[in-house]
Amino acid sequence: MADLALTGVTERPSRWRLASARGGARLWLGAALVAVLLLIAIFAPLLAPHDPVEQDLMSAQLPPAWMTGGEWAHPLGTDSLGRCVLSRLIFAARTAVEVAAIAASLAAAIGIAFGLLAGSFGGWIDQGVSRLIDVWMAFPPVLLSIVLAAVIGAGLTSVVAAIVVVDWTRFARVVRAETLSQLQRDYAAAARVLGLTRGQILRFEILPNLVPLIVTLIAVEMGIAVLVEVILSFVGISVAGDTPTWGGMIVEGRQIVYQAPWIMALPIVSVIATVIGFNLLGDGLRAALDPVHRQ
Amino acid sequence: MTAILAVRDLHVAIGRRGHAANVLRGASVDVEPGEVRGLVGESGAGKSMLGRAILGLLPANAVITAGTIAFEGRDLLAMPEPERRKLLGRRIALIPQDPMTSLNPVRRVGAQIAAVLSHHLGLSKRQARARAGELLAEVAIREPGRVLDLYPHEISGGMRQRVLIAMAFACNPSLIIADEPTTALDVTVQRQVLQLVERLRQSHGAAILFVTHDLGVVAKICRTMTVLHAGRVLEDGMTADVLARPRHPYTRALLAATPRADRPAEALRPVPPALIESLWSEAHRLDRLADAGLPS
Amino acid sequence: MRWGEIIRRVLLIPPTLAGVGLIVFVLLRVVPGDPIAMMIPPGASAADIARLRALYGLDQPILQQFVVWSGQVLTGDFGRSISLHQRVFELVLARLPATLELALLGTVIAVLLGTVVALIGAYLRGRRAEWAIDGGVGLLLAIPDFLWALILLLLLGVILPVLPISGRIDPQLDIAFGTNFYLIESLLTGRLDVAAALLQHMILPALALALPFAALVARLLKAQLAEAEDQDYAQVARARGFSRPAILLRDVLPNALIPTVALGGVQITLLLGGTVLVERIFSYEGIGNMAIDAVINRDFPLIQGLILTFAVLFIALNLAVDLLVTLLDPRLRHG
């Protein structure tokens, strides 16, 4: 055992072990919450006891099963159209994950492109992109997304578009700043001396170093996307029709909050758990990945 | 005469338990009423730490592991916090090291002096302001009425140090801890400030513990002196005696390293590294003895 | 130098507003969605539609519409609301005080709450309880204002029905006001019972707006307090016999406030932006709620007027924050 302990000391601990130790409890709690959300989204059809759009006006506004008047057929009760709240929550998780994943990736792609462009070319391109970001960020984000979604119209695309158009600056600003600072470091200078082209330096030297940062930003952005869906639901321009979304359920629940408070409470709890999950994951990732990437 | 301040066998350690480093290793210092005592040592000797311990200003990670600090016969360390606060600023005052950072940048000079006066002497706002003006005049600040309404950034470094000296003497303390009060000032201002402190000491009758690394300053204004190294007192006595006939080799080395008017600069010799090393190894030997629970 | 910066910012206001106006104007018109289609009764003839279009100037080229609109705006004419059939300027002016009062109350609560939490956190520095404060602040910060609105509405409006959850004042109360600043007016005229009735309605939305901002204030201020407390002047104050709470309040806080306002002051625009949804959730009759209605009804003139109003408020707040920093810091005041 003694020699084993010795090698343990001399051997460098793996990057991942170090990283997860730094991320700490936040990282694991966040990852667990997000993992639960993903599993629910993936296995929604297996988990949901009912079809989320199936109406049954005879058993509308049933309370959760443990309250008086509740039935175990609808464990979390039904809404005003008699649809199963639990099933709708589960399928809404699927919508949320879809919207969040697509919107965050698109916002990241556009933001990274602009950020790299501005950061690596500098000069008037940088000036132009920076001004654009400034003007963009001067808009109140809530208003901008509402107006945008309003003009595009209701639907999943509209929600995604609103998030992307409003939030690409988040990525662009950070990537631009980081690219600038990376380009000033020794290894970038060394790469230039080796005769790599600008494109090669970006692809092989700069981009890999930006990965931890981008992963963190995407996690945070996914949390924001879930919130934007709720915001747009209040303006009646979220995902249309019968498709269950947490935002839509909250808005419906607000109408009958005195009669059936649980209809509003349950999606709120889901949104909060999701947002906190993504936030913790983002925080944990930042703490976990940053020092590794600085070393 | 009984000492107004009696520090006995003071041990201070810094750092977390198990990784603590000793900074004071049983230091003892006495200050008689009205006397000026120089506390001399190089940086890291623990002299500032000793001053801070008296004022209750030790850093958060420092612990007093043993010893007593008696002021007018009462142990400051055993005293309840509110009672000690009544002494600090009134009976024991501080002249801090850096006049540039020791005044609050967003409060007017007058308000800062008046705050001390109303806190300790219960003066009304108007009385405190009037007294603050008198104090400024006493530290030879011209137009005190105008300076009262200025912010610290609007007056010079020398003036700020005068303001801090005025604040130290504000409540007629019987002991003043002067923590290298002239180090941050340029030479011409230094002399004026030293003369001012000496004049105020005589008129107010306070004792001063003058913490400094400058033997020249000690020679000028201190009647007695204590030489500190690695948290231990190496030598102690009347300044004239110590400077004329230093007993400890470290004191001799310090003297040889100090520039003097009657000696060319080339004659300066740094303190020999071997001497420093032997002193430190002696200090660490004492640490080990103490850790093992043996008397040193 | 500092004043020069402020003058520069003031000079930049007109072009910024023109830019915002142009972007919104074009955005609203290049995308599908026809306001006329929403106004007309079913079965209206093509001629009727064309007539309405001409009435609102929607048949002109976009750039020409913008020039006409800008000219009108410069003379104080923001056009007529399509859905409410009133002048936009008057509509906004009537509703703006409600939003301003709500945002102001939210700000006051946030600053007080944030400052108290920061002071407690700074006082507990290094102890285990500090950890709990940081965690609580993080939680407050992670949940946005409109979610707080929903949570508060559920907890204090429905489950524990102690406060009203909709409107600005009890509709059964028949009180005449001279201005639209109901709360400020009732406080100034000493009608405290009216003020209390108003506050009952305002406290939940204001609190929802305040909580995340309070957390931001607490986090920024606590860090600045810790830094300021390590400065020599705070240490020296301890050697003068002042107690730690007194030093934190009198010496440390004024110094810590300056960087806190400089860093976090701008974020107050987020609180203002938050009024849009929070007003909606509490059916509070301010310009935020009105903006959502305007969007739903595709009321172009009203949307434009409201967005310009928000833009003006945002710019004004940014300037106010800069002025406040200058006022708080004597070094900048004279420099």
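Just so it is clear, A, B and C label the chains in written order, and each chain counts residues from 1 on its own.
Heads up, the rule we're going with is that a residue touches a chain if its C-beta (ideal position, glycine included) is under 8 Å from a C-beta of that chain, and two chains touch if they have at least 3 such contacts.
A quick note: this is a predicted structure, and the numbers were derived from the prediction, not measured.
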Of all the other chains, whose mean CA position lies farthest from chain A?
-> B
From the Cα centroids, identify the chain that ends up most central relative to all protein Cα atoms.
-> C
Most contact pairs found between chains A-C
Gap in Å, rounded to a whole number, between the CA centres of chain B and chain A = 58
Whole-Å gap between the CA centroids of chain B and chain C | 53
Chain A and chain C, separation of their C-alpha mean positions in angstrom | 26
What residues on chain B touch chain C, complex-wise?
-> 55-57, 60, 82, 85-90, 93-94, 96-98, 101-107, 115-116, 119-120, 151, 153-154, 164, 167, 177
Would you pull the chain C residues touching chain B in the complex into a rising list?
-> 126, 231-243, 250-251, 254-255, 258, 328-331, 334
Please give the residue numbers of chain A that touch chain C in the complex, ascending.
-> 135, 138-143, 146-148, 150-153, 227, 230-231, 234-237, 250, 254, 257-258, 261, 264-265, 268, 271-272, 275-276, 279
Taking the complex as given, what residues does chain C use to touch chain A?
-> 16, 19-20, 23-24, 27-28, 31-33, 139, 142-144, 146-147, 150-151, 153-154, 157-159, 165, 269, 272-274, 276-277, 280-281, 291-292, 295-296, 298, 303, 307, 310-311, 314
